[in-house]
Every structure is written in C-alpha cells, then in structure tokens.
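Shared chain: subunit A. Partners: subunit B in the first complex, subunit C in the second.
Up next, the complex of A and B:
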C-alpha cells in the first residue's frame, strides 16, 4: 500500500514536472509595448504564444543602453528557457550573455548573433518598402511622395532606399522628399516632430507619406487626416488608426517571428542561426483590410501581386542599403 | 547628512505608493538591495553608474556654487566622448603612455570648451546659461550623430555607434579594479571620481579661488566690490563644470566600452542635477547621493523583471518621491535654522529625468 502511494506520488510529481510551463523573457526596445508599431508587434506575438501555447511570459522595457545587458543577465540567472531581445540595440548584449549561458536559448530580432543557442530573426525591409513605394506612386496625383524615418540609422535608410526604388519603378519622374525625425532613440517616440515634418511635406505638394518611425508615426497620421492626404504605416497593421487616410501598412511580422520561435522551442524544433523573413513567406507585406479597402482597389492589388512575384522570382532587384554601404 | 531624514521620509512615501499599487514594500526593498549588492556583477554595474553620477553631480554643483545653473552636463559629457573617440580614430597608431595622456587631454579639453562657451556668452553677452547650455546639449547630440553616421560608424553593427578604439587608448589592460568585478563595467574611473570629489571638497573649503567662486555665487555685486571679477568666475566655474562632466565620458569611453554609442548616457547630466540638489552641493554628499541614485537606477530594471506592477516608469515615481523627500528636508532646514544657501536656484527641482 505504502509503496503504491509512493509510486502514485512519484508519478504525479513526474507529470507535474513535464507540464511545467516554458518561461519566456521578452526584452523590449525603448519604444515600449505601446508604440503600436515595432515593439507592439513583438509583444502581440509573445502574448499570442502565452494564450495559445500556455507559456509563462515576462516582458520588460530597457531603460538605457547599459541596462539591456543587465536585463538579459537577470533573465538568464532566473533560468528562463528563452530570452528574446527586440531590436538591433540588443545585439551586443545577447552575444555576451548567450556566450555565458549556453544552456539558455536566445533570439534576437533585427540583429545577427552567431552562436549555438541564438536564433537571429532578420527581415527584408527593403522588399516590403519597395511595394509600399510602388503603391504610394500609384496613388499620388502630384508625382511627389514623402518618406519620414525615425532614427537615422542604416536600418531606416534601408526602408528608404527600398521605398524610393519602388516609387521610381512606377515612374522615374517622381520626386521623393526624405526626412528623419532625429538621431537619438527619442526619435521613435516623438509624434509632435513627426507631425511637423509631415505637415511640411504636404505643404511642399507631397500627397502620400511612408513613415517608419515606431510610436512617432501617429503624428504623421494626424497630419494626413488634417490635410486630407494619405500616409503609410509600418511594422504593425496601423490601418485602423485613421481609417480612410492610411493607405496601407508595411507589415514587418515581428509577431510571427516571435511566435514561431516560441512555438519551435516548445516543439523541440528550436534551431540557431539566421532566419530571414521576406516577401516570400509574408514576413514583410502590405496590410489590406476593411479599413483601407476603399483606398486600394482589387485592380491595384493585382498589380502589387505582380510586383511581389517579380521580386520573389528576382526579376526585379530591390536595392539593399546594407549591401550598397559595404561597396 | 542633514538630508538623511528627508531621504527616509521620501523612501517611506515611495514604499507606501508601492504598497497601494499592491506590492509588498519589504519585497521591493529586498529586490533593490539584491539588485545593487546581489553579485559582483550587480555591484559593479551600480558602481559604474555611480561613477558617472559623481562626475555629473560635481559638474552641476560647481556651477551652483557660483550661482549658475548648468543643465548642460549632458552635452558636455557627450561632446567630450565624441571628441575622444574621434581623436583615437584619427591617430590609431599612438603608443601607450602618450596615447592615454593625449586622449585624457582631448577629453578634458572638449568638456572644458563645451563648458566655457556658455560661460563666455553669459559673462560677455549676458545670455542666460540655462538656455545656452540646453541648446548646446542638442548641438553636441547633433555633432556626435553626424560624426557617427558619416565617419565613425561601426561597420559590424546596426547600432548607431563608433567602432572600438585601439587598446592603447583604454585602461582595460591594467585595470585592477575591474578584475574584482568580472564582466561588469566598473573601472578605474570610479577611484578617479571619488578622488575628484575629495579634491573639489578641498578646493572649496581651503583654496582662495574656491572661496572667491563661492563669493561670486552668493552675491556677485558684493564680490565685485571686493575686487573679485564675477565675469572671470562665471567662465571659470562653467569651464570647471564642463571638465568634471567629461569624467562621465571617460568612464564610458576610456574605462569601459572604448566606443561612442549614441544613447550611452541615460541622461546622466540631468540625473546629476538631482544628485547635486540632494547633496546641498556638498562634494562629499554627492558621493553618497550618487550611490543612492545609482541604486535606484540599477534597481529600476530589476524591479521590472521581479515584480508585476513596478515597471521602469513606476521606478521613476519612486525616484521622484525620494528626491521630493530630500528636497523637503532642504526647505525645512532652510526655514528653520536660517542657513543661507544660494537661494536663486533652489526653486527648480527637476526630476531625475527630464
């Protein structure tokens, strides 16, 4: 009898152990989870995983550059199963902490770390931006379109070169007005300045603006509504924010990337190395939904699909700012 | 030490707010203590923050002493950092002793320039130092990002940062302090900052120049009559202020990372204002208060991980309440015992972060 009891206890203990939830730590960039853009996407992916896969999620926001490493360290010390760093700024921290904690898995979005326990999630932003540029050009009546970037860094320039290539692909005679909000991390969170820049561009005759600036984007949407012009959102689907004035959003599916990584870990399929998300696997795409169906006709979508397949088949080469820079 | 009661009161208020938010105040305290002393790495990181805060705290307080409000420490340390990195990039082949001396000299010179500019403008054109230093903050941020994005960008990184400067410009190779704290960023400049604070203490209590500087701050026209040129001291104290701020840049560039990262300073310059005010501008008090601020700053991220409700923004509320407590004590002291401190700046009580 006693032995039987012990056996049952043992069994229960075993079952209890195997059902223990995976612990996932999410380190967000300074924009914070409410930026309705880049970080929001990551946060959504992780919360979806929490709901559907039954993992335990803890997210934090970095206070400064040096605190990022500290956050990763603390997660590792607490034996989290997977730590996901969101944003290029965390690359060094992930590299360092991952090397010291080979038994903990890491993932980094927008950064590249080669280690046996790190998966790097990269996006082909220039491809999506090319599409956005093509659509912007189709919708522009003034032959003048605008681009507003957040922080002036190579990644945001990559959006810009893809975008202008898309515009020029439609019609070489177009002019593109390019502005950046700033040079500090504040640029991701400065809607007021974004609005000023947007109003200025509209004043110059621009009638479609693509904005890649995290939480600052909302300022551009305000300006679009005020001046009855169009804007294009970024990262998350932002079409709902000002229906009728947001032509589309260039999706960067950070949510899918985060979700898939967590799911892979749970299924024992976690692999290290680089995973690229491009047009092919819908890692970058344009958002079409009920909020912008009046702005983009079925005919337009057909044209875009054509461009998309051409890019995937490499009939159109989209200039990549990273490669240009290395030359 | 007069502000210690105020500190306790502020801490008490903060813990009450935490309690209302549904967290156990004792847990919060223990997390904060663990976060700063928990391991060698944690303690090292706290000391690293502390080093920068001592420098910026001293920088702000030296200006205060002569009745000036330097909110440009942020820009001064920024400019100093970018100058040092640019210099090291331009002359990578310099050999050991001269390279280190040269980069220190450049750092000091850059900080001094960025401090002297508002000083000169104030003394000879009457421009208010608050406006000028604030604008210089933006200018130095602009200069550094221009240089980074156009010339110095680290080719291996997405981050807006410079490449790492040559070993000969850094102290890492012979840093005995860092060896006690493996992996953590604390470095020799911690000792330098303590020594600087002590030196500034003696500068004001023992030296004639220091005395004259305070005299200008207390009453410029009286000082003028006693044959102390207030113009000269406005320039001098802001220059000194800039030099002290450059210490925070050296802590990062020479002592630790060897590169300029945009955003490397979580606004040390502004936190320095809080540190200086908390300490009534006493250089030795600055050491203590820099430590307190760094514990809270370091603790902010740990509280975020360990608790459900205390996010990094909530930590700012805690910091603000502690500051408030210390500030309150200052006013009580002032009205109760009629101690006269330079009163013109005391109305401004900025929070740790702007």
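Up next, the complex of A and C:
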C-alpha cells in the first residue's frame, strides 16, 4: 500500500513537472555552439525561447556522426516535448527516432523528413547567396571573386551556384574561384586549412571571398585581415568578428526558425511538413550593421533592395543546385 | 597556367606553413619511438599544445609566452602517458588511444569552465599572431635533435633504449629513466606543433583542430625511416601534397578539372603506398613496442 502511494505520488510529481514547462532538446552539429555561424544561430534562437517563452532547454553537441542517433534517442527516452536536430547530417537519425517515438515532436534544420511528428525547416540559401554574390561583384576591383565551402555537399554547392549567379548577374566577365575545405565533417572545424585556401585565392588576385564553412570561416577572416582584403560571412551575423574586413554576412535565420517552431508548439500550432524560409520572409538576408556601414553605402543597399524585390517577384530566377541536379 | 606556378615564392611559403605542425610532431614522435615507445598519442599532445597556447596567449597577451607554455603543458601531460606506459607497462597503443580520447574530452570541459564555450577559445589579435619564426624554430629543433642523437651521450642512450635496452641496463643506465625523458621531450615538442596550429596557422583553438595531423606526422616519420633529417623531408613531402591540393582545387589542367575529392585523397594514398613498403625496407627501432 505504502509503495503504491509512493508510486502514485511519484507519477503525479512527474506529470506536474511536465505540465509546467515544455522540455526542448537541441542537438547541435559538429561545428558546435561556438562556431559563431550556423550552430550559434540555432543556439541563440533556442536560448531566446528559453528566456521569453519559459521553456526548459537542454542542448548537446554531436561530436561525430555516429553519436547523433543516440543523442536524439536519449532526449526521446526522457520524454522531451520537442527535439530539434541542427544540420543535414541529422536527417537519417531524426527519421528513425521520430518513427519510433510518434508521441514526441521533432524538427530538423536543413533536412527533409516526412512524418506526422516532424517539421522540416529549409532555407533558400541560393537566394541569399545570389545577393552576396552581387554585392561581392560590386566591391571587387580585380573582377575576381572567391568562394570557400566547408564540406563538399549539395547544400554547400547550392550556396556556390547562387553566389556565382549573383556575380555573373552583375557582370558576366567576372571569374569565380571555388574551393572546398574537405569531404569529411572535419571540414567545419579546420580554420588552418580554410586560411590556407583563402591566402591562395587572394594571391591569385581574388579580393572578395564568400565563405560557407561553419567554424572554419574564422581562418578566412584571419587571411582577409592579414592581406587587407574582404570576406563575406555566413549563417549568423559575423560582421563584428573583423570589422572593416567583413563586407557582410549572408544570414540564414536558423534562430528565427528554431524560435518560431518552439513558439508554435507552445501555442498548440505545431504542424509537420516543410517550412521554407527565403528572402520573402527574411529567412535569408544580408547583414547590415555598424560594423560594415563604411563598406556598404546607402546607394549599394538601394541596388541590393532592387535585386531583392526582383527575386521575390520572380523577375530574376536564381539557379538552384538541388533542381539542377535532377535534370 | 599561372595559378599552378609550383616554384613561386607563395607556393613555397604555403608548403612551409602547412608543414610546420607536422615537423614538430614528427620529431616528437621520433624521440619517443627511438627510445622504444610506440607513439600514437601525438594527436593528443598536439591538442594540448594548441589549446594551452591559445589560452595562455589570450590571458597573457603574448603569443611567445603562449608558445612556451604549450611546451610546458605538453611535457606535463606526457608524465601521465609515461606513468602508464613506462611505469605500469601498459600497451602503448592502448594508452595512446586512450590519451587521445582523454584530451579530446578534457579540453571542452576546460573551455566550458574558462570561457563558457564548448571547446573553442577567443581569437588572438592579428598583431600578436606568430609567423615564420615558428617554422625556423621547427627546423632548428630538427637539427638540435640530429645533433643530440649523433653527438651526445643522451642521444646514444635513447637509441639504445629502442634498439637494445638490455645493453643499456648492463651499462648501469636505467632504461625507464631514458624513456621518461624522451617522452617528456616528445610531449613538449608535439605540443609546439599544436601551438603552431592555433597561433600561426589560425588564431584560436577550435575543437579537434588537429584533424589527424598527428597521424600524418607519424607517416612522415615512417617515410623518414626514423632519422631526423629524412623525417623533416618526409614532412615537407606531405606539406607539398597538401599545398598542391589547395592550389589545384578547381584549376583546369589542359582543360580538365580534376575533382577536388581526387586531389584530397592524394596524401592518404601516398601514406598507404609508403606503409606498404614501396620505398625500401622500413627501419624501425628493433625494440619498438616490445616490453
């Protein structure tokens, strides 16, 4: 009898606790919370939700690809309300764990999983990259611009195609030098290699480099600072990292996506399926702030706004690597 | 193509930059392996060095001091390795693997504590970053080790510890003492390799930034047949491949662009060919890995 009572008390306590606060589990990618880029953005969105919506947040970092599934499973086992996977590498894990835990909600950034309890958060990276390319071309004196990608995957290629299209839209005679850091997940965390690639590009006469490589990006910024050239950041607003040398950052508002998903869940509006963030809803954009106001004039911004409205109105079609591939 | 101007100064500088961490690490491995202890913990020592250099450079505002402290920290952590391998006669492969994992885990723990981050340190301003003086120092280290191995009593002791330890004991010299000292130097020098990564090749520590360079250094050591100067050349060969790969990416040769992936596997293919013994018999110390 006593045991039974204790059990009931325990159960009540558990129920009471979960009714109080939503429990959100965040599984970050290998780049880690301090990559000042992609994962940082996700973490910011989640901490904002923690502060404003009063949820309970737990985050973990996947140290290697094989640990991802376990991390999701751990959260699911502990009956978290929503588990958010950050990065394309988590797609398979989310697919599997979500199917086994139909009562737990999942969200995945940069991956597509069709299940009744999964929301896929996708970004129109090519649109933002197009703008970045156009601005890079405006600022280049040598008619040569560069691109450095992290891991050589379709998504990073998508940045590249959008970027080159933007450059070519400004002037067809431009040359674009395209490099990738590597083919493994180490590429997100190899600033030394990124710097070497950037120095090589600058030496070839490139004077603006767009880098989409997570935590490796800092290597490119170091090179830009040393060689007194320009670089363009990615995902988070990275303009502050080296003011005067970072032309702008191609924002990918992972923070907004994460925050909105948590908010929707709290308001009982969580829906599964694909949510796309593009130029239209400022899901991708260029970062303009006090750190780059000397580099980008009001006139330049006006020109960019024109391009932006043209893309939204579909007057300019931005090539999408995902669609090109299927051809 | 002007882009693949192999003999240009910028290419040579690029080779020297990417080789620097390898030179330190390979010489460190040489010291340990010459004394008869298999050294696969180079990666771990490099991580210690990269991390401690970035931390001390950040707090003291002096990269030179950070560089020095990396040697100290590497040497201190090597005591743990020696304790396991020399004192308690643990298998060096097992201890080395464990050591690498321990360092990969310990550093995020410390950064959480110091900077509330999960494994990276604040970046070091451009004027404090080290430059080619590190490479010059690395090459000086090679010749210092060469001189020690061939000219000094300690050098002979280390070689005896790896080739014929019983002979050393017969002369009244403690094999364990010799191994403790060579592993101490190994830890310190490998840590300098890590420090050159975080202070020279980039400007902060980021998680697992060594990216397998400790193992590449080990291959360079095999390529150099466990001799200081040939090992230096081995490191430069690997550095050249890496720099070449960086340079060739996306550049058409006779109108054909070689896929990036193909170029990126080149250093690894080379390692396998070398390990398979295509370049003559390998000349490992006779007593390497035996207890």
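Here is the rule we go by: the second predicted complex is superposed on the first by the 308 of 327 C-alpha atoms of A that agree within 3 Å, B and C clash if a C-alpha of one lies under 4 Å from a C-alpha of the other, contacts with A are read in each partner's own complex, and residues count from 1 in each chain.
Here, contacts are C-beta pairs under 8 Å (C-beta built on N, C-alpha and C of every residue); 3 or more make two chains touch, one makes a residue touch a chain.
Being a predicted model, the structure only gives us computed values, none of them experimental.
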Combined model on subunit A: subunit C and subunit B, fit or clash: clash
Contacts of A:58 with subunit B and subunit C, given as first, second, both or neither: first
Touching partner for A:225 - first (subunit B), second (subunit C), both, neither: second
Partner chain in contact with A:183 - subunit B first, subunit C second, else both or neither: both
Touched partner set for A:88, first subunit B, second subunit C, both or neither: first
Which superposed partner A:111 touches (first subunit B, second subunit C, both, neither): first
Contacts of A:200 with subunit B and subunit C, given as first, second, both or neither: second
First (subunit B), second (subunit C), both or neither touched by A:125: neither
Which of subunit B and subunit C A:152 touches, first, second, both or neither: both
First (subunit B), second (subunit C), both or neither touched by A:71: first
Residue range of subunit C overlapping subunit B upon superposition on chain A, of 59-67, 95-103, 113-121 or 203-211: 95-103
Overlapping contact positions on subunit A, where the subunit C interface meets the subunit B interface: 61, 63, 152, 183
Contact set on subunit A toward subunit B in their complex: 25, 58, 60-67, 70-71, 73-75, 78, 88-89, 91-92, 100, 110-111, 151-155, 183-185, 326
Subunit B residues within the subunit A interface of the complex: 41-42, 45, 48-49, 141-142, 145-146, 149, 153, 155, 157-160, 183, 185, 261-266, 297-298, 300-302, 304-305, 311-312, 315
In the complex, subunit C residues that touch subunit A: 3, 10, 14, 17-18, 104, 117-120, 123, 126, 129, 197, 201-204, 206-209, 211-212, 242-243, 246-247, 249-250, 260-261, 264
Touching residues on subunit A, where the partner in the complex is subunit C: 32-35, 61, 63, 152, 177-180, 182-183, 186, 189-193, 195-197, 199-200, 203-204, 215, 218-219, 222, 225-226, 241
